[in-house]
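A single structure is presented below for examination.
Read from first to last, the chains carry the letters A, B and C; within each, the first residue is number 1.
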Amino acid sequence: MKQQDIQLDSQGRLRHFLTIEGLKRNILTDILDTAENFSTVGTRNVKKVPLLRGKTIANLFFEPSTRTRTTFELAAKRLSADVLNINISTSSTTKGESLLDMLRNLEAMHCDMFVVRHNASGAAHFFAKHVAPHISVINGGDGSHAHPTQAMLDMFTIRRHKQDFTKLTVAIVGDILHSRVARSQIHALTTLGVPEVRVIGPQTLIPKDAAGLGVHVYHDMKEGIRDADVVIMLRLQRERMQGALLPSANEYYRTYGLSPSKLRLAKPDAIVMHPGPINRGVEIASSVADGPQSVILEQVTNGIAIRMAVMSMVLGRGPEEEAEE
Amino acid sequence: MRIHIQNGLLIDPAHQIEDIHDLYINDGQIVSIGKAPDGFQADQVIDAAEKMIFPGLVDLQTRLREPGLEYKATIASETRAAAAGGITTVCLPPDTSPILDTPAVIELIHRRNEAAGCAEILTIGALTKGLAGEEISEMYELKRAGCVGVTNARAPIANTRVMRRAMEYAANYDLTIFLHADDHSLSEGGCAHEGVISTRLGLAAIPEAAETMAVARLLMLVEQTGVRAHFCQLSSAKSVQMIHRAQYDGLPVTADVALHHLYLTDMDIGYFDSNCHVIPPLRGQRDKSGLRDGLLNGTLHAICSDHQPHEPDAKLAPFCESEPGMSTIDTLLPLALRLADETDLSTPDIISLLSFQPARILGLDIGHLGIGARADLCIFDPEARWTVTPDTLLSQGKNSPFMDWEIKGQVVQTLLAGKTVFKR
Amino acid sequence: MPENINVHALLEGMTAALRRRLQEDGIDDPLMIGIQTGGVWVAEALHDKLQLQQPLGKLNISFYRDDFTRIGMHPQVQPSSLPFDVNDRHIILVDDVLHTGRTIRAALNEIFDYGRPASVILAALVVRSGRELPICADIVGEELQLSDRQHVKLTGPDPLKLAIQESK
């Protein structure tokens, strides 16, 4: 069944930002270029531009996340928007009409944008389908489905270090099965023309038909990381460290953790990334996380510029006309 | 009451009839086909020129939502929708509230249907008390109260010993056991077929093995206990092959498929369309073809609606958090007939899969138009065209995965025991 | 209506006027900031002719536009770069065309987000009719009376050319 992509408006511009999947390369590079412009704002005397003055952005977090919420909030505030943080505990999770009632209430407060984070895959699409037409939805992470702003900040970080996407080998290591970050990264990397995207992990943490996403699957870390330009480590949720998926955090670290010796198999100038928060000694050795090849803190900084870019692109659509003066 | 139905194209697979014949009904029974019985004076003449006449359909699984979930649908609303879809007999699985594990609940349903119903309701009793999968139910009492079989529906029976004992006990009373093949430990928490789509959308997946593992286990127990067993709503091509193999080896098991599995695959989920959230899940293209093949080679004996009406709220949630199930009773007949265009099945084959064959699985003398049979039939206009919209669906549940589909063919009149229960 | 405006001559005139003005005001080490994209070209020329010590600043005012929600983002424009501290400095702000005054309003807002300058002098290659805000240029290359349907456009950077277009 062919569906109109609900995240684009009639002119093909971003109306919502729900997933990377299906977006054309030029939209992704526009996001990166716009973010480049915003990246200097944080270094100025007044760390604010008046672009979204008078706009109201509601952060709807159904899942706790201090860092993502903070960077969205900071991004919105640097654009001079008013920000509403609404944490909805999953225990009291509202469903059906009551959920829509909540949306209607926020709409009645004249919100212009919802940033939604939810533990169910498809939640952002669900909200986008049901909001009033003047409201935009940005996916702040939905279940195991997508985390598009995280993927874009990762692309931004990669581009700053590697320039040309079409010559790269990128390895994504860890729990691909449950990772919305990995899914969005894979779509972003393949759309931007990365010829070799690898996913590395034990069979229990790689989804069936992962190859259908356009990646090469490796179960042996040493093989998969060889000659990589970019190594992305994924966070392993604590509840998955033991049980039927993995025997123990120790064994995971020995087989799939990024140690200095394993990193030596990648290209000498390879960069190491991690969406955070890091489990030191589980996914990655402290010496690697804090080492010269790590760009993990840059990722955090870049997250603000990317979110400013997405928010301003989505809220700043308008009829195509030449800027005049 | 004497009824004369004229000029209709009669399709009665049980008697290999596919021709224009007049049909005569007296006192709720079919009394003659072709020629009027001597001295027959019709009280009512129905002109069925350009129309088809089918035996009333027998649906092996229909959720009416009453008792217990009347906010979703009621016996009145759903039997009326059934009648409008040409269905004269529906089988109600026991997962109502309260659960169908005592004669009292069954009597309640029949009493309510007498007042409001437009279709015959057959009940399938609970296999274990409260469907809890621990203690076997009072099957003798259930049979006496009218249950046509027993099932645990989709509630798991984790303990294989309990399953074995339940089968033995059902065999003891010659009750057909209706099996929903599901290895709960593999399917729990899942909401979509494990494959490219679940991988792309990050949906918790239900592997094919959740069904095939259970089919294998149940086949072994059926063989050992000798119970008459029917597999409900198979969803994977592999399961069909396994059933086919068992039948070839002489095990008299039967099986059905839900109509939506013959038309939809996991691709139809698109971007999280909760109307495509159903259990067992919509599977891949290969499964869809395998299920169609199963109808052609006789492995599958019936097509059912697996109708599950919901109130709008149930589907207003992210995909996995929405309630599974589709409202399908209105579209069962016309969509099933479309298989004649898409497969080698003929119209009589399809009608048989919807009426005579399910009746045989139930061991009942319905689903055909023989002399002396109860006059359950529907008159169908094969050229009528309509579109699936919330307004054209008579079911109270508007959660159809076929919304906006253009449909060819529509029931214009339905008779249950000679009484018109629906007329368009 | 001048068909061929000699940009070179205008720049010479502006340079002379700027020299006089700086002398009158006793400013010896001003900062120069051009507004992307045409203003930067003009500023580069003036910066060269005046032989200023400090590097040239560039301003991308898209984040400060009041018509942002109507015209959207233009990500290809270079970001702002002010490679100096503006606090207590004398600034020459340069643009190619002064029309409604809204660009200058946005530029001043942005400069003030970097700090508090001692003074700002506005230099524009062309000052045309159509002001919507109380803003006027201190240093003017050429003054033009144009109708609403006429547009001045500077192309460049080499050679710099002014063209007047008529819209339907």
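FYI, a contact is a pair of C-beta atoms (placed from the backbone, for glycine too) under 8 Å apart; a residue touches a chain by one contact, two chains touch by 3 or more.
What you see is a predicted model; the values in this text were computed from it and never measured.
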{"item": "Central chain (by mean CA position)", "value": "A"}
{"item": "Greatest separation from subunit B - chain, by CA centre", "value": "C"}
{"item": "Mean-CA-position distance for subunit C and subunit B (Å)", "value": "77"}
{"item": "Distance between chain centroids, defined by C-alpha means - subunit A, subunit B (Å)", "value": "45"}
{"item": "Centre-of-Cα separation between subunit C and subunit A, whole angstrom", "value": "39"}
{"item": "Interface residues, subunit A side, partner subunit C - complex", "value": "13, 30-31, 33-34, 36-41, 44-46, 48-51, 309, 312-313, 315-321, 323-325"}
{"item": "Touching residues (chain side subunit B, partner subunit A) in the complex", "value": "194-196, 198-205, 207, 267-268, 270-272, 312-314, 316-321"}
{"item": "Residue ranges of subunit C in contact with subunit A within the complex", "value": "60, 62-65, 67-81, 97, 99-100, 102-103, 109-110, 112-115, 151"}
{"item": "Partner subunit B, residues of subunit A touching it in the complex", "value": "1, 3, 6, 21, 95-97, 99-100, 118, 120-123, 125-126, 130, 142-146, 178, 180, 183, 207-210, 212-213"}
